[in-house]
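Should a chain be cited, it is by its letter among A, B, C, D, E and F, assigned in written order, with residues numbered from 1 in that chain.
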Amino acid sequence: MQLYRKKRIELVVETARAKAIIEMIDATGAKGYTVLQDVSGKGQRGIRDEAHLTGLFRNTMIIVIASEEVARQIVERSQVLLENYAGIVALSDVEVVRDEHF
Amino acid sequence: MQLYRKKRIELVVETARAKAIIEMIDATGAKGYTVLQDVSGKGQRGIRDEAHLTGLFRNTMIIVIASEEVARQIVERSQVLLENYAGIVALSDVEVVRDEHF
Amino acid sequence: MQLYRKKRIELVVETARAKAIIEMIDATGAKGYTVLQDVSGKGQRGIRDEAHLTGLFRNTMIIVIASEEVARQIVERSQVLLENYAGIVALSDVEVVRDEHF
Amino acid sequence: MLHIAIGNLVSPMILFFVLGVLSGCIKSDLAIPDAISKGLSLYLMLAIGFKGGAELAASGAAGTVALSLSAALVLSFGLPVLAYALLRWLTSLDSVNAAAISAHYGSVSIVTFVAASGFLGDRGVPYEGYVVAMLAVMETPAIVSGLLLARMSRPDGAGAPRTPLLSREATREVLLSGSVVLIVGSLLIGWLTGKDGLAIMAPVIVDPFKAVLAVFLLDMGLQIGRRLGEFKAVGWPVVAFGLYMPVIGAAIGLLFANAIGLSAGGMTLVAVLAASASYIVVPAAMRHSLPKANPAIYVTLSLAVTFPFNLIVGIPLYYKVARMLAEMSGG
Amino acid sequence: MLHIAIGNLVSPMILFFVLGVLSGCIKSDLAIPDAISKGLSLYLMLAIGFKGGAELAASGAAGTVALSLSAALVLSFGLPVLAYALLRWLTSLDSVNAAAISAHYGSVSIVTFVAASGFLGDRGVPYEGYVVAMLAVMETPAIVSGLLLARMSRPDGAGAPRTPLLSREATREVLLSGSVVLIVGSLLIGWLTGKDGLAIMAPVIVDPFKAVLAVFLLDMGLQIGRRLGEFKAVGWPVVAFGLYMPVIGAAIGLLFANAIGLSAGGMTLVAVLAASASYIVVPAAMRHSLPKANPAIYVTLSLAVTFPFNLIVGIPLYYKVARMLAEMSGG
Amino acid sequence: MLHIAIGNLVSPMILFFVLGVLSGCIKSDLAIPDAISKGLSLYLMLAIGFKGGAELAASGAAGTVALSLSAALVLSFGLPVLAYALLRWLTSLDSVNAAAISAHYGSVSIVTFVAASGFLGDRGVPYEGYVVAMLAVMETPAIVSGLLLARMSRPDGAGAPRTPLLSREATREVLLSGSVVLIVGSLLIGWLTGKDGLAIMAPVIVDPFKAVLAVFLLDMGLQIGRRLGEFKAVGWPVVAFGLYMPVIGAAIGLLFANAIGLSAGGMTLVAVLAASASYIVVPAAMRHSLPKANPAIYVTLSLAVTFPFNLIVGIPLYYKVARMLAEMSGG
């Protein structure tokens, strides 16, 4: 079974910014992404959880598996989009079977 | 503290197929798994989210930490089970403390 | 774009123990963490899912990205906290952009 | 006729449905939480089942019950065959997709039924309580028909090793699916506890019933509105099928119901059962057993074409015809 | 007696519970969303608290209130000691598991209480509003008893450094647990706003009360049905305890309530409080403070054995005896 | 006055709110599931919209409707300017934060409005149905004012390339936000279906309305109680603004409403619209369009300061003054 090396990008961003991030991911040519709504956490901007009345203090997690090239672009462009917003980005190595999916 | 090298398999599959995948994971002898219900995303089969009335367009994320041997089996068998179904599989390296859990 | 190498710690613990684990993570000096409520799964302590009436059989997933040093502490201290409780811990490598966040 | 259709149109139920479709279309972020939506759907099943059972207890089990349930069985098994023939003849769908769709039309849409019962209730038209049992009976047999049609048309069907039509597990899942269990269970409980039981349950399942239905229809509208873009993937000949098939189904349903001797209300509901297409139980079964069929087609057709058609045009139309039939029989 | 038991059995409440258990057993996918289930549970607490408070306001606080609350305290502290002794004597459980279980039986099951109040309501039997306050009082003291029993029986208990029985944080969590706060708060609000308040709240907390309870019992049945397989892990001697302990508890509760001079309705409810076992507050506390005890045992026992027993057999039985006692006192 | 305030205080609505705040403060784990909470919020919008529409249909559209809606527009556009001036003058907030906050006060809090309508309902005070339309009109114009204020005050505003105030997408989101669509849609449906529609919806949207509101206020209290710690981040001069700004807004609202010739009930509600601050639509818009403003400040101010103030002190106060004004005009 042939495995292909890809990058996995994990973003945790404030929900208000998730849409812009996802549009950016699409624009880089990534072939897919996975979204986990309603994640809570803590970071530089303090504790963030589901204060649902406003929804402003929620996080969304987005996972993208992509080629190194695309991954690098996503990481870079996310920095601009996350200025003034809560969010982190982490990159790691993964292997996948069907190259054409990523 | 002794750490053991294992494989982490991350699957995002259409919810209709999650049960079959989990049974397969059990059958490979994996000692455990973690399931995240109601994940949304985009891939080859378009945008998938919680159109709850039918539930057909939802994804489930499954994470397994296992030995290289078992991991390889899970990846292989998942390919068969995911024919005709939405789903991706990615493999990565992790280290764990208690060898007997995995 | 400068990337920094960090450790990613992924814990799946029984929800009754999540609070103690998070306090421990804060105490190690980790700069943040992400929490996914209501994760189900299977492990040494059998199948665990959202039998909501009691809530005792639920899992919570916690993700921390931190320096190797802090990560090692989190893994070690988690072992003590998880004695008698359901839970697993896995460590992996990630790269991040903004060093100061982690 | 037009009068009834307009009377139907300005009910809060229909208008909230329209509001939902419009909001979905214009991509408003109006959305009803998943858990609430699921809860409302369970509520409707429980309420319709319980009320059917209580009515059955009040009326005394008639001799026509067995006949009606047999008719339900025949309709559910038979309608897919007709649907399949029409699809293969009038559209370019392959056999697997045609079979998958056909199964939906032998089964039923619970919400359409509920809306029709609300429509009758508004007009004070009584109906036989055991029609609810027909609803429960019709949910699943169509699945077997659909799978048989898919197998028979498979080119390699002859020589291949015989695998079971429905795996044992798939059968379990279909027979024990939540909606079947809840409707049948509530029907039994309503029948067992009768008038006293209804008195206890009424503040929840009778008085607010139509308003809850209106809210649920808002939600269905929202979901349909958001999926309207998928029409293109379906193709016009198939969309047309989603409009004429319910009328054909209703006509057959009316004939059956009239032959059995149901009231105008009962005939209307049987017509609705025959006309409507499943959008929960059957899609799930098809995804398991006919994975090559495209779910975007059968879900869109059932939910975004046939459901609104029945809700807005079908129900008053079938009622109109049922009344005519009843007058003819009665006269 | 049999008459009452059957009357109790054919109520929608019990039948929906049975439907739930059966559906759970046969692994139907019928499931009520978590959020709805949690919402219904909050509803029952709010409703029972508010109605208790409003009744208290209507009746005027009697002199027996203080006595009743003291009795509640004694029961909650004392019953675990009895339970522990029985468990150690008649089962082979170790001291930690026995202590953990015993704490459950000193505390109460809110839904059992709610079902009993519905049972009385059906029969037009009045009860003292402050029994609801007894419910609130009994929720947590048993936890302290259970932990004391666990500590006293620990072999190394003598020489070890004295750690606090309940960590400060665990104490907070127990005292401020949602159900305690909601019941006490609603009781106070019901008491403060009295008749006017009740008029405002009635369309939500009075009229639909029993129907909502029926739906909640369906949900509890589903959850219990799914866990029936865990009986094996529990063992028959322990299952037996889950059946005789409530009867013993009820007997003691009836004696207390009779001594205080409560009505037949009030006595029935106190019996139910003493007979029932906690399945939310105490399990959570035990998981924190006695992590070595096996949650599968105490949750299964409380939820899948004692709860159904009280619901189906216990409530009519305790009521029967309470009436006899009331007649004896009254005569 | 004091009498009314106390009468207001001992209503279940206010007391459940207080219970929520206290539970939140003491960190009880009492929590209403997110989905339920969202569902209740949609319920309140649907109910208030529908009832407003039905009342409008009953009363016949008056000539003052257009005038009222224009007044709503003026208030929503204008109040932020006043708020901004006060903030810049009396607090040390920078222009971006001041602009963001000001937008909240031109918009409205739906729950405050709903609570005020409940307050009037309790006292049998009628109000003009189209005030609900004013609510819908006032939700979003304030956003434009707030963004204009932020831009005008930007030091680099002059030379910088002109970007649109609101991106096309942000405009869409604001105009099609769920609450606007649901209120306007329900208003229209209520108006179209009138008395018949109301009869269908009443068991859900009329009878239980105030009790549901009480539960929702419990939930809001819980959320506010948990955030009280964030007061420190806000600073006292800004907290003070959250207290005097509603009074100023209400005064202006009363003047407008009196000039238009509304009844005492209508005037009270317009005062509440002017006095209240948005905590859903505007915060979301500000987070998108003024990302440099600190959400902890504007959310805390709107939700934890102005909302409780209006709920407990404001509503009875504005009503008192509205009655005086009505008597003066009437006399």
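FYI, a residue touches a chain if its C-beta (ideal position, glycine included) is under 8 Å from a C-beta of that chain, and two chains touch if they have at least 3 such contacts.
All values reported here derive from a predicted model rather than from experimental measurement.
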Partner chains that chain A and chain F have in common: none
Required minimum of steps from chain C to chain F, each step between chains that touch: 2
Pair with more cross-chain C-beta pairs in contact, given B-D and E-F: E-F
Chain whose average C-alpha position is farthest from chain E's own: A
Chain of greatest Cα-centre distance to chain C: D
Interface residue identity across copies chain A, chain B - same or different by half: different
Whole-Å separation of chain centres (CA-atom averages), chain A against chain C: 19
Rounded Å distance, chain C centre to chain E centre (Cα mean): 35
For chain C paired with chain D, centre-to-centre distance based on mean C-alpha positions, whole Å: 46
Of all residues in chain E, the ones touching two or more other chains: 33-36, 38
Chain C: positions in contact with at least two other chains: 36, 38, 92-93
Chain pairs that touch, as defined at the top of this document: A-B, A-C, A-F, B-C, B-D, C-E, D-E, D-F, E-F
Chain F - residues contacting chain E, complex: 10-13, 15-16, 19, 22-23, 26-36, 122, 207-208, 210-212, 214-215, 218
Chain F to chain A touching residues, read off their complex: 34, 37-38, 41, 220, 223, 226-227, 279-280, 283-284, 287-288, 291-292, 295-296, 299, 303
Partner chain D, residues of chain F touching it in the complex: 33-36, 38-39, 42, 46, 50, 172-173, 176-178, 181-182, 185-186, 188-189, 192-193, 197, 200-205
Touching residues (chain side chain C, partner chain E) in the complex: 16, 38, 46, 50-57, 83-85
Parts of chain C lying in touch with chain A, wherever the complex brings them together: 1, 3, 6, 8, 26, 31-37, 65, 92-98, 101-102
